[in-house]
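Comments concern the structure below.
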Amino acid sequence: MGHNSVIDQLKKNQIVDLLNEGNRLDGRKFDEHRSLTIDTNVIPKAEGSARARLGDTEVVAGVKVQVEKPFPDTGDKGMLICTAEILPIAHPSVETGPPGPPVVELARVVDRGIRESGMIDMKKLVLVENKAVIGIFSDNSVTDHDGNLFDACSYASTAAILSSKIPKYEIKDEVPVLVEGEFTETPITTIPVSVTMARIGEHIVVDPNSDEWMIMDARITITTNSDGNIVALQKGGSDGFTYEQLVKCSEISISVGSKIREIIKQSTQGN
Amino acid sequence: MGGRDPNVVLLDENGKRSDGRTVNETRKVTIKAGVLKNANGSAYIEFGENKILAGIYGPRDVHPKHLSNPDTGILRCRYHMSPFSVGERKNPAPSRREVEISKVIKEALEPAVILDQFPRTVVDIFLEILQADGGTRCAALAAASVALADAGIPMRDMVSACAAGKVADTVILDVNNEEDQAGQADMPMGYMPNLKKITLLQLDGVLTPEEYKKCVEVGIDGCNQVYEIQKKALEEKYFSKGDQ
Amino acid sequence: MGHNSVIDQLKKNQIVDLLNEGNRLDGRKFDEHRSLTIDTNVIPKAEGSARARLGDTEVVAGVKVQVEKPFPDTGDKGMLICTAEILPIAHPSVETGPPGPPVVELARVVDRGIRESGMIDMKKLVLVENKAVIGIFSDNSVTDHDGNLFDACSYASTAAILSSKIPKYEIKDEVPVLVEGEFTETPITTIPVSVTMARIGEHIVVDPNSDEWMIMDARITITTNSDGNIVALQKGGSDGFTYEQLVKCSEISISVGSKIREIIKQSTQGN
Amino acid sequence: MGGRDPNVVLLDENGKRSDGRTVNETRKVTIKAGVLKNANGSAYIEFGENKILAGIYGPRDVHPKHLSNPDTGILRCRYHMSPFSVGERKNPAPSRREVEISKVIKEALEPAVILDQFPRTVVDIFLEILQADGGTRCAALAAASVALADAGIPMRDMVSACAAGKVADTVILDVNNEEDQAGQADMPMGYMPNLKKITLLQLDGVLTPEEYKKCVEVGIDGCNQVYEIQKKALEEKYFSKGDQ
Amino acid sequence: MGGRDPNVVLLDENGKRSDGRTVNETRKVTIKAGVLKNANGSAYIEFGENKILAGIYGPRDVHPKHLSNPDTGILRCRYHMSPFSVGERKNPAPSRREVEISKVIKEALEPAVILDQFPRTVVDIFLEILQADGGTRCAALAAASVALADAGIPMRDMVSACAAGKVADTVILDVNNEEDQAGQADMPMGYMPNLKKITLLQLDGVLTPEEYKKCVEVGIDGCNQVYEIQKKALEEKYFSKGDQ
Amino acid sequence: MGHNSVIDQLKKNQIVDLLNEGNRLDGRKFDEHRSLTIDTNVIPKAEGSARARLGDTEVVAGVKVQVEKPFPDTGDKGMLICTAEILPIAHPSVETGPPGPPVVELARVVDRGIRESGMIDMKKLVLVENKAVIGIFSDNSVTDHDGNLFDACSYASTAAILSSKIPKYEIKDEVPVLVEGEFTETPITTIPVSVTMARIGEHIVVDPNSDEWMIMDARITITTNSDGNIVALQKGGSDGFTYEQLVKCSEISISVGSKIREIIKQSTQGN
């Protein structure tokens, strides 16, 4: 998103003034996320899929499951890779071509949050040790951009994985052969939920929308698991946090995270 | 025209195709206009199992500047497949196939849009294939037309689109993925019904001169059918909800 | 090729005025292609080669034949790939670097015309099913550019393939071993011929040269096989065709195609 | 947090770690300022087995121009690993990991530098990892701060850096490569001691809320220790030798 | 100097080489000037089995602008191999070898051309190797000189080119592909006979100081031979046909 | 390094005037190289390493040794690859991104000088013929740039290779298995030394520094081996050499090379 310093500064003043009075531009409470709706199975030909709408930000995630040759040092585990692309339909500022640093960071933070939570039991995705494992690719396509892509992509991918099924393979002479039409459950251990917060002045607000994103001082994304533990974190933006703010953010991430987790659970039930 | 497996029954004794359609029947097509918040115009199409988003930005400044034309606005088009849109995960980098399809769709729309009044600007058409099942270029072209209209771009006509083809030595309408893989010919077409102009036409596979004529005729008929659905999508947005 | 709208418009007026009187700028009839000369075996170290001169457009095509591992789903067939590069010696407007959309389209249309015709019997190019097949690469280098590269590349590649020979391989333990100095015939089934036509106003002209190419409204390339059937087609350019024009173009492509096919046959005889 | 091999003894019965350190002890850190001839500022750090060069160019003109900001100078950062810096030879092209680390280090330094007085310019920070052994981003960040100071870039404070982490269910300071591979959590931190601001923070691995707080506290403590070494490096250059 | 297979007989008891030449004999060289329609100047060379096209565009505007020099015209050179030019099909993307050869050929021609009168312009030299058989850089350089002259670029002298080398402990002229693969040294040379300046020189392989001097002498002799053929090509175009 | 023609011309005049009086800007004799210091084992985790300082030019070279699959036609030899990167810390003019022609030439000249000398006995680096060989990668990172990177990189790589050790492998069922902690000597046959000379007017100067590099007419890099023979040569720059100058340069390269060889030997002794 481009910068126009005069407009930006006016918008920033307006947002900060409101926050100082305890209000946000769109009427939300500081620790309130935007409306979240998740539809699963939107790409029926993929092994799992979901569309997440977080306010006016919208992401489609599709899961592809394929047999992969494992890396030499991790032959006893399956593979999980989450990616993210901001489609040019999503916002006038999006440029096509190789991903720049912000998109690389987006994809890696989404990937790490899900991977570090141990959401999928990777040990159960081995077909032939050191030779063939299940690879799970969860690709996020951002279709509309109104800020906080970190959480929207994370929720879309998490729901897509929860809705996914693993094709069944029989092993013949150490070679996996697909059994057409049969599937097993994806081995889920926990549901990771990322919560992104912006610091604007001394205020911490949850799920910043595009206006807040443009003028924030710093941001933090904290991912928690079903046990309420913290599994991943990423600070961003051109300023910092105090120790007290970091503690407060961790508490918010746990409480907001548990609400989001319920929405994700209900949206993916019956899959 | 990949495999051409002769064992697949593409047309049974009752004239029914593998998915139950008759030879002159398109798959189910639904189009919704105005589905995106940020884009200047947009449309979502389901064309059989194809699921495609079209978004329009512009008229707007051209970057880099030297691509702009001082006499008229220009059109750009990106046709792109999401990694999860096809059977085996697709590498997100644009393939040569996507580059070519982007070009033929752009050239299919150029005769329709009127950009003289927007010199030095560009209208960008972004087409995202979320799920592919044969005939994506036609479905994407049909969605792009609706999205251009939704964006308020002046147009001589909407471009409609549908493929004809040949399976089991019979000319058929709207080739699906299975028919494309195992069939004898696929002829995607783009057509402006009011101006009676074919603006996209490609062919893979063998046709006699007579079959060729039949294919073009059948394709035009399919485009006319899709055109009605395109118009309906715009009516639903602009008259049922009463906005604009 | 760059654009200069005033000059272009004057040139267009001149060409259209002439066409309205039944004449072309270079004196040809509407359905007359430029002089075509083809020399084969111009790159003796390649397995096949040809230079095609279509008017002042000139292309060198070379065929390389190599053992390839087939794709998983086509292990019962050989491989054929035609490419095209417009060399920077060919025209002042050519830019080096990765190919842009026009060159990608050129290569794919040339490739499809030859591939879809079934010119080569791919089933005869299998060495070890699913493991090793013959790959035929026909690369076109455009050395001089005076319009209608589609046909010039197509003729050069077709002649290069007709003049090609396949090195002989013996199979030992499922591995192909080259038999030095022995060759087999490339298994040819038909001779595809592409014919490119430009629509300028309401006129259809065959084999547009550079001047016609720059100002045409739309173009169509139709490839026919030795049986006079249509095997591939590509419409291009920023305008369209009526049904009647398309029918007329198909008839022209068959009649002109059969003349070109004779030139190609005679040029490659004795190979 | 790659392997998490439970057989590696990361903390023995005496509270000693695999390399002999106590839980609150950093590896040996040495920093030398002004080690390069051409750069406007530079520093060389050895942080345990990590060996890293930091070089600063700027404030200088921005290319391409459109990246420049008329209101302030900007910061750019490249974190890069030499091919021989890691166990298996690294491809010299920048990886996605290097792109992300470059970005988080840049954002960790932005709160410290004062570039308003240098509008339309850039300060380039180049960080070369000659040998890597876990914790390269913290070591590189600490070296970058010293190099910026050496270049005379106005700063509110130096950014110090150190990681906290968790091995054998215990919160520890300054995770080395073996602990990162086999441990339970790694939390790299950047910190401005005078302003008490955390400007870099990442986490991989599972922490309870209490462990999280402990990790942040331990990390701050480590940063304070490294800060003293950073200051000493500048003192050694500017006061022991008396130049500038 | 790849294989150096000692079993290949590169020089027999009668002093004949594997292709029948004597030690001081070049392969058959034929050059034709003015072979391309669009280029400002061009030449086609057959140097043994090497077949190479050279085309010149310019003096013309430089893009991007910042590469231009306000004091003089500049030279650019692209040496490129067609995919079918070598035994195993070559990837069309430029290799590092092609990048280096482009640079040494450009530097070999710079002392010859006089571009002061064309400030801010570029003369582009494009060299396409259609078939390669050892010694392509010398053959391409010789063709480039003729093409530059054909384009009317002012020159102090033409640069001629030929390689010397060593096989079977003997210094020879004009190393072919087999001799390059199995021989002991290859020394490609570019030379301006009138100015007696060596403008391209490279060496792979082991030479004693005496052999080195001999190689340079033999190379100069070969360049003088090729120079005559270059001049003849220009004479044939400009005097036999009488044009320009 | 950028160009400013007026300043360059003034500097050139100053340097040439001095040379005409027999002097160089930094006081060296014409055939005198700058101070050369080499430290080895500066990257202990690499299999070999060295830092070379040639005046104010500084290079770090690291050697990585890995098992590689050989190319089809050289299965009876190990592999050696030398590369070079000019780090952006080295000079304000360095641009990041893919290497341009000067860096490609630098790397290839350094590589060729060491390779063509036969410094390493490649026949001794075969583990399983045609299947697994030792690959030696010597990567040069230029950290400070004051001209003549050719020689500085060459010396750094040569010293790094001299200081390197090859991990030991046992062959089990045709597969090499690493023997932890055991090493063999790298099989060295000779010590190549490159000497780069600039021609400025009619003068030949050894080891040009940055000022001399910018204004020289032409340059030549000649590499000699321990026997005093010439093994590689590269002419560069926008002018040429006479026969007599080339003979003189070869003599200088042998005499200066033997002095440098002694410095390299002493710096790497005890490795």
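Order as written gives the chain letters A, B, C, D, E and F; numbering starts at 1 within each chain.
To be clear about the criterion, a contact is a pair of C-beta atoms (placed from the backbone, for glycine too) under 8 Å apart; a residue touches a chain by one contact, two chains touch by 3 or more.
Only a predicted model underlies this, so the values are computations on that prediction, with no experimental measurement involved.
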| item | value |
| --- | --- |
| Given chain D and chain E, the chains that contact each of them | F |
| Given chain B and chain D, the chains that contact each of them | A |
| Required minimum of steps from chain A to chain F, each step between chains that touch | 2 |
| Chain separated most widely from chain D, comparing mean CA positions | C |
| Identity of the chain that, by mean CA position, is farthest from chain E | A |
| Repeated interface matching A-B, over half of the contact pairs identical, chosen among E-F, C-E or B-C | C-E |
| Whole-Å gap separating chain C and chain F, where each centre is the average of the chain's CA atoms | 48 |
| Mean-CA-position distance for chain F and chain D (Å) | 32 |
| Chain A and chain D, separation of their C-alpha mean positions in angstrom | 27 |
| Separation of chain B from chain F, taking each centre as the mean of its C-alpha atoms, in whole Å | 58 |
| Multi-chain contact residues (two or more partners), chain A | none |
| Chain E residues counted as touching two or more neighbouring chains | none |
| Chain contact topology (line, ring, star, complete or other) | ring |
| Round-the-ring chain order [start: chain A; next: chain D] | A, D, F, E, C, B |
| Touching residues (chain side chain E, partner chain C) in the complex | 36-39, 42, 49, 51, 53-55, 57, 60, 78, 80, 82-89, 92, 124, 126, 128, 130-131, 133 |
| Footprint of chain E on chain F - complex, ascending | 3, 5, 73-74, 101-102, 104-105, 107-108, 112, 116-118, 220, 225, 228-243, 246-247, 250-251, 254 |
| Chain C - residues contacting chain E, complex | 42-46, 49, 56, 58, 60-64, 66, 83, 85, 87-92, 96, 137, 139, 141, 143-146 |
| Footprint of chain F on chain E - complex, ascending | 1-3, 69, 71, 96-97, 99-100, 102-104, 107-108, 110-111, 187, 192, 195-209, 212-213, 216-217, 220 |
